[in-house]
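By letter and in written order, the chains are A, B and C; residue numbering begins at 1 in each of them.
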Amino acid sequence: MCIGFNRPTKKNAITGEMYRTLSAALKEASADSTVRAVLIHGTSDATGGTFTAGNDLADFLNLPQGEEPAALAFLPVLAGFDKPLVAAVDGLAVGIGTTLLLHCDFVYCTPATKLSLPFINLGLVPEAASTYLLARLAGYPAAAELLMLGEPFGAERAKGLGLVSAIVAPEVLMETALATAAKLAQKPPAAMRLTKALIKRSFADAVREALTAESAAFGGQMRSPEAKEAMTAFFEKRKPDFSRFS
Amino acid sequence: MCIGFNRPTKKNAITGEMYRTLSAALKEASADSTVRAVLIHGTSDATGGTFTAGNDLADFLNLPQGEEPAALAFLPVLAGFDKPLVAAVDGLAVGIGTTLLLHCDFVYCTPATKLSLPFINLGLVPEAASTYLLARLAGYPAAAELLMLGEPFGAERAKGLGLVSAIVAPEVLMETALATAAKLAQKPPAAMRLTKALIKRSFADAVREALTAESAAFGGQMRSPEAKEAMTAFFEKRKPDFSRFS
Amino acid sequence: MCIGFNRPTKKNAITGEMYRTLSAALKEASADSTVRAVLIHGTSDATGGTFTAGNDLADFLNLPQGEEPAALAFLPVLAGFDKPLVAAVDGLAVGIGTTLLLHCDFVYCTPATKLSLPFINLGLVPEAASTYLLARLAGYPAAAELLMLGEPFGAERAKGLGLVSAIVAPEVLMETALATAAKLAQKPPAAMRLTKALIKRSFADAVREALTAESAAFGGQMRSPEAKEAMTAFFEKRKPDFSRFS
């Protein structure tokens, strides 16, 4: 099964509706015994590819009071998905566009891929259990750097962190990812599910706990004066000033 | 103390008897205060070296009904071994030939070393706590790749994963491993045992839990139609077809 | 806030008094809302830089009977420090000079940096939760090698282990570390503290347990015949002989 982001006019920014579609697709893939692997990808046009610019900020800010962001319901579905998950990534992979890769089994990207975890710059905290998974994957100092500075990073750095399986040219990105998905689909399916479950078994609880702790902190920060200053500065195209906060 | 696989006509494939000998040797090494380090190695002849082709498949299939594979009793002895363990690896290191290295303190191999974790291709699941240890060592995506695809990999890749201490030429493999064992043997023995115990302390429970979970899954898969199809195809020298399983 | 080791005549070896000063400085930095990041550094003169030669051995041996080494009270303060911590390291970083880096968020060092974890050679065991943190960061085999052999290693190796953020020339070491500290100081402070707390959350218990287990083992080894032989040999400038111990 292929799942593609397809909202190119907004750099594939993910709305609440899109999160719900993603969750439904993963649940269907899990339930359908003929689906042996899932490939998730972005869009590409003459100017290059885009994975996703992350959470749609406007959609996020327009969330009715008391309603939970749809991303929160999607993350446990993604973390618990029980079949092989392959990602083909080109261009922008911002925020959840990077953190969702921590839940994939194979990640192919191109030299032009630009990842980032800019939560701190918005006065927010990371999500998708990335505070746990990134430190586990790449070590504490690398996680601290990427999450405390929030600066973009490229495909080579991501490969060095262990986040990316291989960097390939954009013209063979989809065929490379599809070839791996096809190989995975030809393996014995019960042994495959058991293998994935066994690898994830030891840290499934830690992922759930991280999701819970991050959600709580995220909810608090969303309504903080810091986040308001960050958003206001963003829309006013000025540098935010956090010197008066503590 | 040196422990060598020595069944070159069968590429050092490990029988039940050999597992029992390995366990006894490690227990003796632990009990004998004059033993300060253990070196485990394969064989070499004019055509090159062999570490081990892994579990002896015939021995394994002939296991009397209700009897536990001898590997299951060996693994906790290996995981709990309390003195420095050095491995010298050349040529084939298949299945447990690769996973047992995850329990060694120093692993030297040669450019010709060929590792593999082919459990999935036999309709089986990984063992020796490799589902836990490999993800902990090399990160989730690397563990997923090696355990879900089951493709062989070389010394350079193994070194990149952190599994291998150094790659050396075959003619100096044994002397390199012996030199490290000799250095270790000259260290204060109680501080050495405490240091190893302290490093392993934080994940000893996780290793035990992984061994238990893998054993349970392994037992189920061993008798599965998938595994039967894989074995039959292997003996019939055809490609297995798992498309009818779910 | 900058914290500098400044005892160049003793290669910045850390006395009990210096540990107490370090603890007080970190507590003050945590309590003072105008402090947004802390930089820890060594000294440099015409012959080059020195981070620290580690625990002052004489001070340590003169510890009154029944009194706890001051390092033991410092380590939980360091491990629990809640704001960004940047280290600028040049020259010697011995023992705790290396292990304290495992608690920093950013570590800059120079090509001449010489790290070491020589605990085993003194008949002692590692501290500062390094038995846990080093294996978590760099994998079990790397931790086993560095802690069981106790041999010095350089900046490149440390960077490969993930311990070092970047290697820079000595003449730009301080400005590089200060630039990062300045960037961190301009981020939203509450989101910063939450981000650091979230990354550390999943292993804070493991760090505390490692500190406790290491302290107990350290206390026992300090008074062991092995440690006595190691110290005596050190002061007699001869090679220690541990062959009669078990």
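One rule holds for everything that comes next: a contact is a pair of C-beta atoms (placed from the backbone, for glycine too) under 8 Å apart; a residue touches a chain by one contact, two chains touch by 3 or more.
None of the values given here were measured: they were computed from a predicted structure.
Undergrad: Through what angle, to the nearest 5 degrees, does subunit A rotate to match subunit C on its C-alpha atoms?
TA: Copies differ by a rotation of 120 degrees.
Undergrad: How would the subunit A/subunit B interface be labelled, same or different, where same requires over half of its residue numbers to be shared?
TA: Result for this pair: different.
Undergrad: Averaged over CA atoms, how far is the centre of subunit A from the centre of subunit B? Could you give it in whole Å?
TA: Their C-alpha centroids are separated by 34 Å.
Undergrad: Where in subunit A do residues touch two or more other chains at once?
TA: Residues 136, 138 of subunit A touch two or more partner chains.
Undergrad: Touching residues of subunit A toward subunit C in the complex: what are they?
TA: 119-121, 123-126, 131-132, 134-136, 138-145, 147-150, 206, 209-210, 213-214, 217, 220-221, 224, 226-227, 229-230, 240, 242-243, 245-246
Undergrad: What residues of subunit C sit close enough to touch subunit A in their complex?
TA: Touching subunit A: residues 33, 84, 102, 104-107, 133, 136-138, 162-165, 180, 183-184, 186-192, 194-196, 198-203 of subunit C.
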